[in-house]
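My questions will all concern the structure given below.
Labels A, B and C are assigned to the chains in the order they are written; within every chain, residues are numbered from 1.
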Amino acid sequence: MIQRYQKGSRMSQAVSYGGLVYIAGQVAENRKAGIEDQTRDVLGKIDALLKEAGIDRSRLIAVNVFLPAIVDFEAMNSVYDDWIDIDNPPARACTEARLADPDLRVEMTAIAAL
Amino acid sequence: MIQRYQKGSRMSQAVSYGGLVYIAGQVAENRKAGIEDQTRDVLGKIDALLKEAGIDRSRLIAVNVFLPAIVDFEAMNSVYDDWIDIDNPPARACTEARLADPDLRVEMTAIAAL
Amino acid sequence: MIQRYQKGSRMSQAVSYGGLVYIAGQVAENRKAGIEDQTRDVLGKIDALLKEAGIDRSRLIAVNVFLPAIVDFEAMNSVYDDWIDIDNPPARACTEARLADPDLRVEMTAIAAL
């Protein structure tokens, strides 16, 4: 059964099916915040969606990170590395990509195991 | 069993396995068309591949949208929002990314449940 | 069961679950090499990770290619097309995206069926 979380008119914030949950691109609420705070906000949203699906970050399989300015790579990682479950790190890819709102500094998608 | 659709020498346009179908990056046939028409063309190709796999857009789990010019975001969405199954919206991420042919205005990949 | 391969402090180089293996973004060891050599290196790393998971490139479902300079598209493909299992081509998307290290010319992620 397909289950859709935080369903909006354009997208669901997460969709689960067949033992996996797919998390849509998460961005910070405070778009004027710096890269560290935006990263914390995005990771907090991922935590909340995983919780809604009944799991936590130890079940992450893969994460994609998009940075409009790749110079933010180390600052993003300083928050990301603290957040990740050190015993259960997901696969990851990080690339530079401008986002819909020019104030956004980071967006992430994720896949996790239910 | 892995099933490959519209198999070419470089890629398959879709591959199904384990209850999911993965759709390769779809681009418009008419590369001189505007963003709205290219979006309609791309979504039509996704519809056709989903049909070939025996399903329809109500089974979409996640969609990735790539726009060479992020200023096309609203125009792409004006077509996308009309197309999506309002009861079954997939997770989505949209980022700016230049594509192989500079005339292309949009590319999309998708995952759906069989 | 989730299995993590080449687990580091930031990410696993591959994670398998539910019949699939997700390969993290692979980049070349020799970052001063040209696009053809970097492509060969990346594809070799994907081969090695697939082998670690007990499979080979004939089981690839989807590949994502990121090129910091999209002008490298044909040169990357000249290596990629020779490498791919012609009877079992995965779905693919290729977009332009700058990477963490400006010397890198190509990064790839992949999903394969166990």
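We take it that a contact is a pair of C-beta atoms (placed from the backbone, for glycine too) under 8 Å apart; a residue touches a chain by one contact, two chains touch by 3 or more.
Here the structure is a predicted model, which means the values were calculated and not measured.
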Rotating chain B so that its CA atoms sit on those of chain C: what angle is that, to a multiple of 5 degrees?
120
Chain B and chain A are one sequence twice: same or different residues at the contact, by the over-half rule?
different
Here the gap between chain A and chain B, centre to centre from mean Cα coordinates and rounded to Å, is 21
Multi-partner residues of chain B (at least 2 other chains):
18, 97
What part of chain C is in contact with chain B in the complex they form?
18-20, 59, 61-63, 70, 73, 77, 80-81, 84, 86, 88-97, 111, 113
If we count contacts the way the header does, which residues on chain B are in touch with chain C in the complex?
2, 4, 7-15, 17-18, 22-25, 64, 66, 97-100, 107, 109
